[in-house]
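What follows is a set of structures to go through.
One chain, chain A, appears in both complexes that follow, with chain B as partner in the first and chain C in the second.
And now, the complex of A and B:
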């Protein structure tokens, strides 16, 4: 095939709009945010029209000496427990609702509703669930799992608030990953499933020996997405607990948010440095995910 | 040559006249006032434009994202000219250099038209950074549910804070409802400091260091810790704004008293009209210092405003005595102008709870004082203070330890 300047220019011309958008909204903010992490850029400098001032590693030293940041980072890492539960559940339910049975369309839609529900609405609803006089205590009491008069506020208790918020993240993400898994399931050739059936494989064997290996690219994608989502969980924590009680639900993104947007006392430098630390943790976890599910491409081909 | 000079003069005069006739457009931002008060704001703006033919005002009402929008607009070079902020945010903005001093923009007579304490609330160093606008008193009015009082065997409202604390126990023990919801740790501020002020306990030393860790401070905090541990304060008071919880629970007959301004009544009127009709309105109890706490909104002129002189005129106009009194007729606010204390509209009597509450506090703007001033770096300091209050209330630290830890943090991190 002969090299053609015309074709090369044409291909770059088609790529240009997307590349420009990526440059403007992804690479530039990433590079600028990284630079800001090494600078002092506070509200006081900003208001006086002064730009960021290079301070080297000072912001990172501040972060390491700040117990609140370390607590928040620890909480974010703990929050990753939601990932395997979320992935296993959404994959299992995707397999169940992928069957063409009557009423399945309803279930697919029903599981997806939380994804499109606004967080403020969801927060009000979950408040009703978790309140001392809420539905959860009522149900547990009706089932005799909670003695009468022993009801407590799930969001006001250090040991339960974290799990309570995690459940909301699970509830919100479940439908999204289920839809991705459903799309992945539709890509599995029906003849493979059929061949396994003819060979006498049980549904359980077919799931583990056929479905799961062929779904590995989708599992990798979903695990990566949910790992990153869990690390940057913010909205549900902000509206349900505000990071409390006793900072037990205070996540690293809450720390970044408070430093970057806490009114006129903001500190873009420190917020960017904290964001960078979270990004490095996310990158490390992404590499772990690739190690676990990364050979999927080989199997697929 | 003479002709040329005349021609040049003619051009200069024409250009000068043209620029003088160019109308100035001011951007005016309010906070949470639309759509409920649209007609009042629009009418007042129209009156200002009529009195100032060269000035046009574009009004925007901001809600949650006010401060972020303000910072973004400064960044984009499109800053508003007049902005509505509360005391705490004004102080934070001024400390960081976002505001022009109103004492530089307006004559002393303008600032003298407000109560001295109202001006003091917005003073940083030797400069005033705002035009005080409508206010409210935290301890101005006590509202109570007479049915719950009767059930608890109580015949009158509490007359002191210590009586208030004992009422909380009696009401909960006899009715199951909470007595009231104290502001233990309202988000974005350090509300418990207000209780120290009410009891005459200092928040700062004379040289501006944190001074809220004496045994007397700890003893006061301990009283609230004991109440919380006994189940006499709603758990949510550690998670949400006290006033919001109180108005919600009061409307459900689950809180017997609300301490606050008439603004609570307008909410109750909407959610539980029959309880609104029964609600008793009376003076709120004060602490040992016999002072009230309260807050106020203000209008400020950003450093980045392109028309500061005109902006100052608009801010002074909107916050003038006549316009604050007109606003007080629309919603029960407490005006911050000196002349308001003589206004006939606050001497009315009637059976309607809002009218009674307005009569109690409408002319009391001189008492508006949050009880503490935002220190530099206040967001970090407030967070630490609230975390320590929470630790004490949840039994993780003693009251004394929590206050000592907070004071130590403040003194190590306070930027003055």
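And now, the complex of A and C:
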């Protein structure tokens, strides 16, 4: 294959801004962040104008001995067990809005609004809902699910804060997965549904024996997307609870963030090491995603 | 309609108005409305709070009265705008969002053009590298990027917020797809007329791919306007330059006793995104950013 000089030069000139930015803000931080994970680079060194110093695996040993890091890892695992499971509700919602009945376009659009909502707004609004005197307690006591006088702040309670934060993650995501599932549902041939109907299958049977098996690729895709998203949760925790109460909502990325930027004695080395641990897990999940479900991904687009 | 009557009509393949069908439809709508409440209740309540005349001395937690304000006023909006100097934060959001949109469109279009239209050594490699950014574990990037911005003296500036975000695989892909669809004959004709590549890009490709440019622009507006973590980090030393998304939470810290102002400020922040979403609903609902995020 012969290439023209003119085309080649022009191509690289056009690509230069994008490549430079990707190099500076995506690839360089990846490499330098990895290096920092094996160095000592604390506030003290930084203040004296000293650069990072190689310390081998010391940061990783520190992490394994830090109960807070282990708690944060445990919380992240909890997050990625619960949120992807909650996400399956989006399939049910997609089935609900898939039938072309009056008003369906409205419901679909309304369900998507939380997806385009900023996390800061979500934080403001949900804190009122979760407040001791808030709507959630009011609804629960109106339904007699919560004894009067037992109202509590959902975000201030060690046993409920995590669920409360997860619910906000779910709230912001369910419309997004609903759209992916809707696309999947539209790919199911109508004849199959019709055939099952003529065979006398109940709607329940049709859902479990026709829809779910045919939706398997989409279900797997959404589960993996939400698993990776759950591992990377930071903003919800940051704005809703700051990791509290008693570290019950402290996730892995919260650990990375607070080691690097909170308090007076920041520690870039340790934060980078923690970030590396999370990154390796995330990369593992992404690889599984690509190797096993590359086909499903292709069908979606 | 009685059950017996329906049974006699049973042979019809679609028992259109059978009681069972009616119940099923009713059930479907009941569920839909419950999900709707879950999805939009926080917004409706915020709206109710923002419109409440607080001089009447009502508590926002006085259910269900606080959900249906009787004395409606726009006073809270004016007050939060004035006392909190909201105009400054609105301007910051507009500046950051504007720069991001222009930057993303320019950089994506420039990069996508050769990737779609030319063969040159390294093309496959560059394309794979861009694809790779979609799966890279970027957990610690925010940390190193703040250090980089500090070295460049961009920490605490709007440019610092924007610069690391404008070159993205999503935009490059989207524009590449759009450019691939432009007929080759058009480009050949322009080239025979002696047009330069930049002229072809700006005079032929961009006008023909306006829908894709608009889509990319709208997505960029929504994500940038809503972004919280990154602008918060970059502008943590410059409280006067933070966008609305960050200011709203500061508002909450300062006016904790005044939820009416917080609600009004929040709605001011949400309005542009909501309007954009309503205008471009189809775009969002198509799941265009499907496999990307």
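The rule is short, and it goes like this: the second predicted complex is superposed on the first by the 209 of 301 C-alpha atoms of A that agree within 3 Å, B and C clash if a C-alpha of one lies under 4 Å from a C-alpha of the other, contacts with A are read in each partner's own complex, and residues count from 1 in each chain.
Going forward, a contact is a pair of C-beta atoms (placed from the backbone, for glycine too) under 8 Å apart; a residue touches a chain by one contact, two chains touch by 3 or more.
This is a predicted model, so every value here is computed, not measured.
*Asks:* Between chain B and chain C, pick out the one touching the greater number of residues of chain A.
*Replies:* In the superposed model, C touches more residues of chain A.
*Asks:* When the two structures are overlaid on chain A, which partner does A:159 contact: first (chain B), second (chain C), both, or neither?
*Replies:* Neither partner.
*Asks:* With both complexes overlaid on chain A, does A:268 touch chain B (first), chain C (second), both or neither?
*Replies:* second
*Asks:* By the touch definition at the top of the document, which applies to A:17: first (chain B), second (chain C), both, or neither?
*Replies:* second
*Asks:* Going by the contact rule set out at the top, does A:128 touch chain B (first), chain C (second), both, or neither?
*Replies:* second
*Asks:* Determine, under the contact definition given at the top, whether A:244 touches first (chain B), second (chain C), both, or neither.
*Replies:* Touch partner of A:244: chain B, not chain C.
*Asks:* Between chain B (first) and chain C (second), which, if any, makes contact with A:186: first, second, both or neither?
*Replies:* A:186 sits against neither chain B nor chain C.
*Asks:* Would you tell me the residues on chain A in contact with chain B in one complex that are also in contact with chain C in the other?
*Replies:* 261
*Asks:* What does chain A use to touch chain B in their complex?
*Replies:* Those residues of chain A that touch chain B are 42-44, 46-48, 68, 132, 152-153, 155-156, 158, 241-242, 244-247, 258, 261-266.
*Asks:* Would you pull the chain B residues touching chain A in the complex into a rising list?
*Replies:* 67-68, 71, 74-75, 89, 92-93, 95-98, 187, 235-236, 238-239, 303, 377-380, 383, 387, 390-391, 394, 396
*Asks:* Which of the residues in chain A come into contact with chain C in the complex?
*Replies:* It is residues 1, 3, 7-8, 10-12, 14-15, 17-19, 21-22, 24-26, 28-30, 32-34, 36-37, 93, 96-97, 99, 101, 103, 107-129, 131, 133-135, 138, 171, 174-176, 179-180, 182-183, 198, 203, 221, 225, 229, 232, 234-235, 238-239, 253, 256-257, 260-261, 268, 271-272, 275-276, 278-280, 282-283, 286-287, 290, 297, 300-301 of chain A that touch chain C.
*Asks:* What residues on chain C touch chain A, complex-wise?
*Replies:* 13, 24-25, 28-29, 31-32, 35-36, 38-43, 45-46, 49, 59-61, 63, 106-108, 110-111, 113-115, 118-121, 123, 126, 129-130, 133, 135-145, 147-148, 163-164, 166-167, 172, 197, 201, 222, 225-229, 233, 236, 245-246, 248-249, 252, 259, 262-263, 266, 269-270, 273-274, 277-278, 281, 284-287, 290-291, 293
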